[in-house]
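The same chain A turns up in both complexes below, where it pairs with chain B and then with chain C.
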Partner chain A sequence: MNGRAKSLFDSLQAAWLLLVLALLYIPMISVALASLSNTRYMLFPHRTWTTDAYADALASYTTGTLHLTSFRIAVLVMVLSVVLASFGALAFARFDWRGRRAFQRFLLLPLFFPQPVLGLALLVYFTALGITPSWQTAAFAHLVWIVPVVTLVISIRLYNYDVMQEDAAFDLGATRLQVLREVTLPALAPGIVSGALFAFLLSWSNLPLSVFTSGADTTLPEWLYSRTATNYSPMVPAIAVIATAVSALVVGAAAVGLSLARGRGGAKTAA
Partner chain B sequence: MGTILSTRAVSKRFGDVIALDDVSLEIREGEFFTIVGPSGSGKSTLLRILAGLETPAAGRVRLRDTDITDVPANRRPTCMVFQNLALFSHRTVGENIEFSQKMKGVPPHERREHALDMMRIVRLPESYYGRRVTHCSGGEQQRVALARALASDPEILFFDEPLSSIDYRLRKILEVEMKDLHRRTGKTFVYITHSLEEAMVMSDRIAIMKAGRIVQTGTPTDIYYRPANRFVAEFMGEVNVFELANGQIAELGIAAPTGATGYLAVRPEFLRKLNDGERADVRFPATVANDYMLGSRTHYHLDTGKRILVAEVAAGQAAEIIVGAKAEWGFDLSDAALLDE
Partner chain C sequence: MRRPNPGILTMLPVLVFLLAGFVIPILVVALYSLMPPRTFDLAGSPTFTNYATAFAEGYWRPLMWSALGAAATTLICLVLAWPTARVLAHLAGRWATLVTLLIALPIFISESVRLFGLALFMMPGGGILAGSIDALFGVSIGTILYTRLAALLGLVYIHFPFVLFPLLLGVSLIPKDQVEAARDLGASGWQVFREIEAPLAAPGAAVGALLCFVLSLGANAEMNILGGQAVTVITNAIEQRFNYAQDWPLGAALTVLTVLLTAAVVFPVLKRIDVDRLARR
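Here is the complex of A and B:
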């Protein structure tokens, strides 16, 4: 009886999990299905199943430009935000300076600000300074919003970091550079990897900031949004699928790189 | 024994707080030197200055005949065992111990041999070499920290209260091991603690700090029986302090030694119950108010009617002392210390 109740519970739990996963993935699968049509309206089931949209997308010059623009912004944002956030997180972990708590709050404030308003404010600001909006200003706008997120991510990983380890290493004869390489960076590494992923993905998928600040350059989400609103064709879901694949590739590559780095560390430990 | 490490008029302040005020001390070659003081007395700051992790605002630090005030920690022949041990948490026991040699570029197999030697010295089993430090117990981590410090072959080892977070039984074992390690290595140990007991058990000499200054330096016996002032006397364990006023021992109403002013300090073990006809320099009647069994000895609180005094009696001699009984008690002036302040 007890065993049967348990197995019933187990199957209910499995069903629930499947339901959650299905709800998460059905919209994405629908987009993928929509890309396999050749009509300008979403009809289902398709009268003809075709991959023409993909052929068009790959042949189109726009596809490459969109990806390149978004990729350039995302990589720039990733690199800069990781550098800035690492120093910020270390300042929180290592020093107890006056106004530390207040600064921590202020740093997170942009997160609470509605992104379209932030984007508009930044556009006004760029115009006042006489800067022509382009993909670079969009990257700047992304940084304003993403650096706090990444600082938070890295700070959390540094929460249990014992800064005395740096004193100990220095006292044991390490140079400042050796302390950085042997103690500080290994402690930061997990936070840096997750922070970098966050930064890339948040920038890659950002619409509200890019709309206002990218000027004549168009990012992927901007193009997808405008072509969904007007002038829809199956090329829109096709490009969305391609963009998803690209970001999945980036995340996958990062995961492989990370496990390789871990493997090397492990080998060193065993030697 | 020559002087290995000395400071002259070292001062340090953090904002408005004076951490160290004109501290001069001399540590002798090969001794176990302990700096004792309550928290906030500046002892940790002093140790960090001696180790080169902090620079003094004024004053000089010398290693034998060389001024090392401006030499940073990584170029001093000294090493510190930190209060929280500061082990490299993402590394193994072996990697922790080998760290200093790795920084010097010693090849791996030599480092390993050396690390295993160090582990033998601190009595860590060889099998711990590949274990992560986070998987070691508190006592084992303590030994790893010791071995890591010893592996850099320092002339002086500093200890920043490494036993403070360890439970009583293990601390007693480690205190004995520490003293034994000092004897076997022959290195100079400079230890700081807020525990008088720890200091007395291990040290050759003790310096007592209060509010950024050194109040007294001496052997444990010196400091225990001949304290420089009330602070030291009271800090170094239970003591009965009498004020001397108008040629009298106040509160007892007994004539003070001629010409003496200030305070008279008597350790509990020197107060004794007087038998009929037994003489003592100072004698007074008192009622036994309470007894506190401490194992090998018992503490009694004596009520003289004006204040409570503490007397200590060895276990074998406690039989005739009864709580509530009134008797004559006393002590000899040769067992008491005269204090100016």
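Here is the complex of A and C:
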């Protein structure tokens, strides 16, 4: 390829990526634009551009309840999935045992399964057991597909983990518990943090499982889903923007916390 | 004394949980599908009536629509993801990381927000697109909102990253020097694709396509928000049986048929994939 053809090819590639990104972000931009109006009917471009909808949303009792429900579920899912998945990842990637390949495939099955169908199946299951669906059952449903995701995330880290370190610790006379606390867990930590973040965000944004399994409780995505069809007002896109900002904030806080922890760890090694 | 294998010990919590939260619920639904119509307990004598009803009353139709939509979505996503993965693999470095991150981010934004945004964008009259064009050029345009096409667009939009990322793993496994060597020996672009790139990227493409097909098979939000329920998809059909019609056994039978269709596509592909090799990347 000569120089001119190559640079044309490069700009075509860049243009393609920009197009893909633009298309991916059009819906989010549309929601943000729609939230800046004060009319009950969508009439773009707005006559008056205002942030009134945000003031209404922040003052509304609903906003708080919705966030609280989603937050409770996401935190419960995060904690339980990290505990279950840490063990699961050891079996998935660290230990060599006879049923490992079968276990790896079994673990993937909930990921390769249509979520709304899983939600409906769980609804029937809970009802058959005499359990009234609520935010707790929604958290259980989230766990069914988030535990495999988090297990994969932690496993990917574990593949790079050098088992010899453990053997060395054993040779130096460490007990099984000491090895777990001093060698294995610190090596797992970055995977656990990203796994926890995945769990929180995937639960926070989940619609298909919550819709069928949360009973009388309503999560943010569910509320937005029901309001897209009826009872539209600029408060709906405003709450969508706020909910998305909250999840961005969680990611930001985790990133800051992580770099702080790393900085302190580095200082300790230096000293 | 022989210690129990640590692998078996550590997999137990996840295994028990997935049995209780995944396997047993599906078995319970399968049992319900064998109960007499419109009963709510598992005490009746098993029968295949519900499956007969499902076919006789035309419930193969929603299943067919869902399967067709899922197949079309998978095909379109593959066609769009292939050049994107190639460009990203070719680009490498800082920019590629940034673009990859930007493509991944929307996965963590709720489907309801993104589909709602698409609807706002496509809305006729005062929608973001129609309103802007009207204000700028004085031209009013129509809309595809509330049609099957809009629902398909939503399906492609939501599931594109699920095809792209596994495919990206596959494409990054293609050794560049092999492609160069083939080019030097005079292979055409199509020959390089068919003989070298496609076979090497195949495992990634298979995982992505499978994920996309299965996830879109159950998708109903796209049809409800964008499609204006132009057709009934299988999830909506099942929900109607469970909730409004109060016919659990028929709803359960439809669920089992969907699970069987899912299993029929998932198992053959999953059996051939080396999980260790893909996850280690």
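FYI, the second predicted complex is superposed on the first by the 239 of 271 C-alpha atoms of A that agree within 3 Å, B and C clash if a C-alpha of one lies under 4 Å from a C-alpha of the other, contacts with A are read in each partner's own complex, and residues count from 1 in each chain.
The rule is short, and it goes like this: a contact is a pair of C-beta atoms (placed from the backbone, for glycine too) under 8 Å apart; a residue touches a chain by one contact, two chains touch by 3 or more.
In this text, all values refer to a predicted model and were calculated from it rather than measured experimentally.
Asker: Clash or fit: chain B and chain C on chain A?
Answerer: fit
Asker: Between chain B (first) and chain C (second), which does A:21 come into contact with in this model arrangement: first, second, both, or neither?
Answerer: second
Asker: Let me test your reading of the model: by the given contact rule, A:172 touches which partner, first (chain B), second (chain C), both or neither?
Answerer: In the superposition, A:172 touches chain B alone.
Asker: May I ask you to decide whether A:71 touches chain B, chain C, both, or neither, giving the answer as first, second, both or neither?
Answerer: So A:71 meets neither chain B nor chain C here.
Asker: Would you please give the vertex angle at the Cα centre of chain A, with arms pointing to the Cα centres of chain B and chain C, as a multiple of 10°?
Answerer: It is 90 degrees after superposition, to the nearest 10.
Asker: Touching A:183 in the superposition: chain B (first), chain C (second), both, neither?
Answerer: It touches chain B, and chain C stays clear.
Asker: Does chain B (first) or chain C (second) touch A:87, or do both, or does neither?
Answerer: second
Asker: When both complexes are superposed, which of chain B and chain C contacts more residues belonging to chain A?
Answerer: Chain A has more residues touched by C than by the other partner.
Asker: How far apart, in Å, are the nearest Cα atoms of chain B and chain C after the overlay?
Answerer: 6
Asker: Give the list of chain A residues in touch with chain C in this complex.
Answerer: 13, 16-17, 20-21, 23-31, 33-34, 41-45, 83-85, 87-88, 90-101, 103-118, 120-125, 128, 140-141, 143-144, 147-148, 151-152, 155-156, 159, 201-202, 204-208, 212, 220-222, 224-225, 228-229, 236-237, 240, 243-244, 247
Asker: Within the complex, which stretch of chain C touches chain A?
Answerer: Touch residues, chain C against chain A: 5-8, 10-15, 17-18, 21-22, 24-26, 28-29, 32, 42, 80, 83-84, 87-88, 90-91, 99, 102-103, 106, 108-121, 123, 125-128, 130-132, 135, 157, 160, 210-211, 214-215, 217-221, 224-225, 234-235, 238-239, 242, 248, 251-252, 255, 258-259, 262, 266, 270-271, 275-276, 279-280.
Asker: In their shared complex, at which residues does chain B touch chain A?
Answerer: Touching chain A: residues 51-53, 72-75, 78-80, 82, 84, 86-92, 95, 99-100, 103-104, 108, 130, 148-149, 152 of chain B.
Asker: Under the definition above, what is the set of chain A residues touching chain B in their complex?
Answerer: So the residues of chain A touching chain B come out as 162, 164-165, 167-175, 178, 182-183, 186-187, 269-271.
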